[in-house]
Structures are given as C-alpha cells and as structure tokens.
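Both of the next two complexes hold chain A, though its partner changes from chain B to chain C.
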Partner chain A sequence: MSRVFDYLLYLFAWGSGLILVGAFAVFMGFLLSQGLPALDSSLLFGRTGMVDALLLQRVVIDGLLPALVGTLLLIFLALAAAVPFGLGAGIYLAEYAGKSSKALFSLVFDLLAGVPSIVIGLFGFSLTVFLHKRFTFITPCLLISALALALLILPYLIRSTQTALEELPATLRLTAAALGADQATTIRLVLLPQAAAGILSGIVLAIGRAAEDTAVIMLTGVVVSAGIPRSLFNSFEALPFYIYNAASQFSNQQELQRGFGAALILLILCGLLFTLAWLLRKKVTARLLYHH
Partner chain B sequence: MANIIEIENLSFYYGQKRILDNISAAFGKSAIVALTGPSGSGKSTFLMTINRLWEEFAGARMSGQVSLFIDQEKLDIYARDISLSWLRRKVGMVFQSPNPLPMSIYRNLALPLRMAGWKNKEIIGHKVESVLKQAYLWSEVKGRLRDDARTLSGGQQQRLCIARAMILEPAILLLDEPTSSLDEKAAREIEALIFSLKEQCTLLMVSHDQAQIKRVADEVMEIVGGRMSGL
Partner chain C sequence: MRPEAQVSRILFLAATVVGVLLTLAILWFMVRLGLPLFSTHSLRLLLTQDWAPDRGLYGIFPFICGSGAVVSLSLLLAFPLSLGNAVLIHLLAPRHLARILYQMVKMMTGVPTVIYGFVGIFLLVPLVREWFSRGSGMSVLSAGILLALLIAPTMILVFLESFAAVSTSHLRALEALGGTRRQKLVHVILPGARRGIITGFLLASGRAVGDTMIALMVAGNAVATPESILDPVRTLTAHIALVMAADFDSMEFKTIFACGITLYLWTAILTLSLRFLHFKATKTSMQVGHEQSF
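Right, the complex of A and B next:
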C-alpha cells in the first residue's frame, strides 16, 4: 500500500511539473506565433527613423518606443522609491522588532500585499486629485504612477529582505558578537552581504510586478499617446497599458497582432532586467564576500 | 604572577536553573588555564561570563563580579561604562566547532578589523598576513585568500578562527573545546598554536582531554555542579 502511495505521489509530482512546463511552452509558442510577425522596427519606431527616434529628435507617434521607455522609467522610479523603505522595514522586522510590534507590522504588510492593485490605483488617483487642488501643475503623471507602484511592490521587498535575513544561521550573529560587533555593524558587515542574494531575488520579483501592472497606472497617469515623458510630471505611455488597449479596442487583426508584439517586447524587457539583476547578484555577492 | 582576571561570587542562571554557584577565582597573566569537568557542568557558560557573550541569549542572568586588569587598570566588565565591543575585542573567543564566516579566507580575517573601524587596506593586508603566519596557515593559504573559508579542512578552519580572534590582539583568549571536533593530527597542530600564543595573551581553555591538558596547561581548574576548584 505504502509503495503504491509512494508511486502515486511521485507520479503526481512529476505530472504537475510536466503540466506546468507544457503549459508554459504552449503559452510561449502561442505568444511567439502571434507576436513575432509584428516584431519589426516599425513596431518600435513607427514611421519615425530609428536614429531620429533614439536621439529624441522626432516624436514617435505610431510606435512602441515611448511605451518601452515609459515602462522602464516606471520600473526604475518605483524601485528607487520602494527599495530603501523595503530594505529598512525588512531589516526592522528581522533584526529589531519585538514580538508584538513584529506581529503588528507583519499584519499591516500582509494586508498591504493583499490590497488589489486597482485599489492602490484608486488611492493614487485620489492623491493626485488632492495634490492638484493645492498644486495645479500636478496631474496624473509618471511620478504618481511610480509612487503608487512602489506601494504595490513594497510588500515583496519587505518580505524578501526579512526572509533572507531570518534564514541566516544564528551562528553568524554569535560569531560577529564574539568579535566585538554591535548589532548595526553585524547587520552591515555580516548579515546584509550574506542576505544580498535573497534580497536581490526579491527585487527581481518586484521588477516583474512593476513591469506588468496595468490597473495602478491606468488610474494614475498612463495614456494611449503621450510620447517619451520629458519630466516626472508628464503623463506617459507603458507597454502593459498598450497591450490592454490593443486587446480591448482593436479594430483589425493587425492592431491585435501589434498587441502581441508589445507583449513579446514586455517579456523580453523583463527577461533582460532579470538577467541584469542576476548578474548584479553574482557580482555583488562576489564583491561583498570574496574580494579583498 | 600578576592576575589578569578576578572573579568574585559569580553565580549564573538559565531561567530558574543555577548553572554556576558562587564561584570566586583569579587567573594570572600569560598562562594557559585549562577548565575541565563533566559535560553540562557550566564550563562554556563560565567562559561566556568573561566576554559577556551570554547576554546574546534570552532567559539568562548572573550575579557577582568579573574584573579584568588591562593596561594596569582594574575594570569591572559589568560596569555601565564598559563598551561591549571593546570588551569582546580584548577578550577573544574560539568555539568548539570551527565557525568561519561564509566568505573568503581574507575577509574572515579582515572583518574584525573593519568592525573595529580600521580602513587602511594596506595595514589590514599586513595584519592578515602576519596573523596567518602566526597560525601556521600562511604557506597553506597564501595562494587562495579569495577562496571560501569553508573549503579549508577542519583543522585549518579552526586555526583560521584562532587567527581571526588573535588579529585584534586580545589580552585574553577563551577557547571552548577547540580541538574536540578535530582529528589527532589537527588537534596537535592547534595545541602547538595555543602554546605559542601564551606569550601574547592569557588563554582559558575548556577541554575534556586529560592528555592534552597535561601537555599544554599551566593551571587546571575543575567545574563540577557549578562550583570551581583547582586541581
């Protein structure tokens, strides 16, 4: 009986993995078959010349370059706003918080993680209205979107930092203490370098989340056509919104295909950012732990 | 011989359990003192009262007085104005199992200096080399200082840990069964190293190995049932 159960469990585990891999392969195959035909320079630059578009000498109206740049800016601004607070709160929870404050903070961060992105978008929109009444130049824009996205990705960063630190063996702390390190020095010179890989994994997750979210930016600043934003207070274009718009409003097959093309570009962008983060993780770990 | 450690009426508790019972003792400078006794009698705890490392554990408390004589000054190490960081640099500790940090050999040794605020890379480099030579490790690791310290053998790791404790030039070195997890050859190498260090500092070493105690110790103290007596 036990051998049968072992075999069934093995079969179920193996089958689950196989089904997921298969589903992913089908999904990628479908996306590639639909998106690849649309993937050419006109998808990115429209009728504008590539050089003129890249040098910002001519506005790209019917290409995805502004949406690509908008997405990149959005990711970097959201990370810039969220990473310091995410790291700080994660370190607090793992290293400083007492039992009751840890429980309270964890509850709040779990609730934040569970807030639907449309609600965060609504909050960003309300904030924009509130600010607009006092500072008329503030309208839905890149900055508000990035700050709202930062709020969305904050729980990922907090949890990954906390987990990366808490998973470190207690002997590290004891060894550092025996060498005369106070708590702040232990965190800075021993624990954070050891936890860097885990923290960077959290940042990778946050990149993915910030790159794909549409609900937040729909209510806080993204538009169909805005060009490359010249300042943080401009509205902007973004790839997920372009995909949403193409899928929901297409009037012919070619427009839908451009939507698939945009989805491929978004995946490639995320893949590149993940690779960059992975390389950074390797480099940071080597530098912090093995270089003189 | 002048004393470097004086202990008066030291008692120690984990929760309600008394581990050390009203110990009073004194230890002279530049000596190797072996602490022996049955398992669970409080030897490791006793060591941790001298660098206050027990304070890292919840639920422990102590009473009594521990004084060190450093730079011709008697210091109550539990006084409010004593810096824990300073104390633990003056009283180094080596644990039963080698505990190199998961980083390079070089960084393991440079870390205590960086923690103490040293910034000059050249001076740190010289100190690392010097302490590795002192620990008879230099010839074995000089070509692989960037390797992970955990790739060293058990005996090498323990010598590295002793070198790491010595790089801060402590006045006292606490050794908690430093050879118990090593083979005979590695244990003898550690013993030779410990013996060579006694000119530089006072060593308090927990050991169950009577032959080892005979070989290296100048003085032997026994802790039984939380009470200490000289042998």
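Right, the complex of A and C next:
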C-alpha cells in the first residue's frame, strides 16, 4: 500500500517538474526562435541612420529606439521620485518606529504593495484629470506616468531598505553606541554603508518592476507613436506598451517580427537587472555570514 | 538629542507619512470619482446587473465573475504544480538538478507579464482553438494557463522557504527512527509548513487578481458572464484598461471606478488575511518559543 503511495508521490513531483520545465522551455524556445531573427540594428533604428537617430537629428519612425528611450526615461524619473521616500520610510521603520506604529505602517505599505498596477494607473489618471482642471497644460504625460510608477515601486523600496537594515548584526549597533555615536550618526556612517548592497539590490528589483509594467503607463500617457519625448509634459512610447500594441495591431509580418524583437529586448533587460540584483544579494549574504 | 539628529528623524517620518497618505489617497480618489455612479445606481444593482450600456445596464457582475473564473482556474492549475515542484526541489531531485530547477524558478519570477501575454496570443491561443475547435481560442482556459505560469514561481519560492524552516529536530528524530522520505514529507514537512503553504497561495492569488495584461490580451474581453472555461471573458482589470478610451463624462467611464474599488478591496482582504495568519503565527510561536529556538 505505502509502496503505491510512494510511487504516486514520485510521479506527482517529477510530473510537476516536467510540466513546469517543459512549459518554460517551449515559451523561451518560441520567443527566441521568433525574436532572434529580428535582432539587428534596423530593429532599433528602423530606416533612419544610427548616428542621426542617436543625435536626435532625425525621427525614428519604424524602429524601437523611441520606445527603449521612453522606458529608460520612465525608470530614471520613477526612481528619482521614489528612492528618497522609499529609503526615508525604510530607515524610519527599521530604526525609529515604535512597536505599534511600525506594525501599523507596515500594514499600510503591505496594502499598497497589494494594490493592482491598473488601479495605480487609474489613480494617476484621476490625478491628471484633477490637476487638468486647475492647470490646463497638464495632460497624461511622461511625468505623470513616472510618478504613478514611483508609487508602484515605493512599497518594494521601503521593504527592501527596512530588511537590509534589520538584518545587520546587532554588534554593529552596539559597537557604534559604545564608541559614543548617536543614532543619526550611526545610521549615516555605520548602518547605511553596511546595508548598501542590500538596499541597492532592492532598487534594482524595483527598476525591473518599473521597466515591465504596462498597466500603469497605459492609463497615464503612453502612446503608440510619439518619438523621443522632448519634455516631461509630452506623451511617450515605451517597450512593454509597444509589445502589447504589436500583438493586437500588427498589419504585416514585419511589424509582428518587431513585436517579437521588442519582447526579447525587454526580457533581456529584465534578465540583466534580475542577475544584477541576485549578485548584490549574494554579496550581502556573504558579508552577513562573515560577520557572525 | 541634537537638533541635527532631530531633523533627520522628522525627515524620515515625513517620508513614511507621505507613503501612508498616498495609499489612502488612491482609495479616496476612486470613491470620490465613482460617487456620481452610486447616486443613480444602487450598489446592489451595480454588483449584480449585466453590462449592457445600450439598455442602460452598467453592472460589473460579469467582470467580477470573469476575474473570479480566471483566477480560480489559474490557482487550481498552479497550486498542485507548485507543490509538486517544491517537493521535487526540496526533497526528491538530486542536488545539482534541484539547484538548476531552483535557479530556473527564480528566473521565471522576473519574466514580464506582457511577454507571457504576447507569446500566449501566438502560441497558446491557436492551440486552444485547434484542440477544442470552438470559438477564437481566447478564453478563460488560455488566460488561466498563462496566469498559472506567472504565479507558480512565487508560490514555489514561498513553499520552499517554509519547507526549509521546518524544525530540524523533528526531521532528525524521524531519520533516527528510520523514516522514509515520504514519511518525512507527509508527517513532518507538510504539516510544519502549513502556514507557509497558505501564505504562498494567498500571495499568488493576489498577483493573479491584480494582473491586467494576460487577461486583456488572451481572455477575449467578452462582456457576457462566462458559462464554460472555453468562453471568452473580461476581468475587472481588463475592463478598466478597455473603457479608458471612452468619454470621461459617460456612465461607462464611471463604472471603472467601481471596478477599481472592487479590486482595491479584494487585494486588501487578501493582504489582511495574510497579516492575520502571521499575527496568529507569532502568538503561537511565542507560546512554543523553546522549540523554535533551535
């Protein structure tokens, strides 16, 4: 009887493994086989010369460059908005907050982390409508999208900063205190440098989140064709939206190919960020082991 | 405290308070903008009626069902799949194979959801269409399968973490008594990791409820309430994305705030259940603290 049960268990576990690996292999294989042929310089620059496009001399019409630049700008602006608040709140929760206020604040940030990205996008859109009534020049644009994305990644930044500080060995705090440093000095000169790799790995993961999100920017200003944005108040293109749009609106085989190329580029971008975060994380673990 | 230290403390507190206010502002904005809807339509009608703007019906019931159907199917597929993979990685697979599998699962958590949707349209949807030779292939089934792939890695990682946290003293005791790997799993690991398993399930369901792109791209977006898993459906998230194009002052447009509030509350309930689960966990672990200290 228990023999049969053993076999069933093995069958179930190995079967699940096979299904997952198989599904992922088929997924990757399909994407690579369709996307790799599209990867050349015309994918990014279309029929525009590379130098002209990079110097913004001429507009790239049928290439991915504006979408790629749009995504990079979004990431940069969202980080610029979210990092100060994320680090500040993370430091407060780890170092200053009392027991009950910490529980309350973490609950609120857990709620924020759970809010679907489309709802964050809807919030960004509502905010635009609200602002537009007072300042007519504000319409859905790069700035609004970046701010909404900042709100999306904020809880991740807070959590990773808090964790990075809390997992530092207690001896660090005690030594600093014994040497006469006050709390602010300890945080600035001892704890933050020690926690830097952990905090950085959280930031890198947040970048990945901002790079891949489509729902937020769909409601707050991304468009199919805008070129490289010239100001914060312009609409813009972005890679994930390009992919979404290519799937539904392609009119010929070549446009579809570019969609696959874009999907592959986004996957590579996210993969690189992911590996970077993992390397940083590994560094942290090694250092924590060394300390104990 | 020196004034300088006082200033940095206040700055950190301010950052925290801004975050909290923004979280509350999301809900406030949606309620505020959705209010005109509640003055003409009762909440009950809104939640139970069909969606047929041409007949003056603006109910979001079909979309709640749509989200429910897609999410349930994805959990139904992903839960056993994840449990099997976690058992394989933790217990059964040879060490180096387990490590490779673990790395693959970790990598999968980084795949953008729009790419799952994109590949789904050109790979899975045609397959579903051919297998069942019914409809366009855009269906609860297609979306459920892709969502399962999206959420399984999250579940597997949480399961593995909870397997690893199971008390080693019990495992050692069982080994000393000559227990098999199956006995280890069934009598020690699974009961010990019960809370972690529920956590993984709840976290993954939150992700499934909140995902927009997969449902939007492969579920078909039909406005009728689904009757079979081969029917096309529209989820709450997809409805918001689709109606955005409509005119701001229309009734259609206002319903997306009802969808937004529903999603906010749905995920909030999941977050609160997780909290409750862990609150109970800390209480019991304080009572049996001596055992945990190994």
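Heads up, the rule we're going with is that the second predicted complex is superposed on the first by the 235 of 292 C-alpha atoms of A that agree within 3 Å, B and C clash if a C-alpha of one lies under 4 Å from a C-alpha of the other, contacts with A are read in each partner's own complex, and residues count from 1 in each chain.
We take it that a residue touches a chain if its C-beta (ideal position, glycine included) is under 8 Å from a C-beta of that chain, and two chains touch if they have at least 3 such contacts.
In this text the structure is predicted, and so the values were computed from the model without any measurement.
Applying the stated contact rule after C-alpha superposition, one finds that A:Leu36 touches neither chain B nor chain C. In the superposition on chain A, A:Leu267 contacts chain C only, with no contact to chain B. Considering which of chain B and chain C touches more of chain A, the answer is C.
Look at A:Asp182: by the touch rule set out above, it reaches both chain B and chain C.
With both structures placed on the common chain, the touch criterion links A:Leu174 to chain B but leaves chain C unconnected. Applying the stated contact rule after C-alpha superposition, one finds that A:Leu276 touches neither chain B nor chain C.
By the document's definition of touching, of the two partners only chain B reaches A:Pro193; chain C does not. Looking at chain A, you'll find residues 182, 185 touch chain B in one structure and chain C in the other. On the side of chain A, the complex with chain B involves touching residues 171-182, 185, 189-190, 193-194, 288-292. Residues of chain B touching chain A in their complex: 51, 53, 56, 84-89, 92-93, 95, 99, 101-104, 106-107, 110-112, 114-116, 121, 125, 145-146, 148, 164-165, 168. Those residues of chain A whose C-beta lies close enough to touch chain C in the complex are 2, 5-6, 9-10, 12-17, 19-21, 23-24, 26-27, 30-31, 34, 84-89, 91-93, 95-97, 105, 107-123, 125-127, 129-130, 151, 154-155, 158, 182-185, 187-188, 208, 211-212, 214-215, 218-219, 240, 243-244, 246-248, 259-260, 263, 266-267, 270-271, 273-274, 278. The touching residues of chain C, counted against chain A in their complex, run 1-2, 4-5, 8-9, 11-16, 18-20, 22-26, 29-30, 33, 80-85, 87-89, 91-93, 101, 104-108, 110-119, 121-123, 149, 152, 180, 182, 185, 206, 209-213, 216-217, 237, 240-241, 244, 248, 256-257, 260, 263-264, 267-268, 270-271, 274-275.
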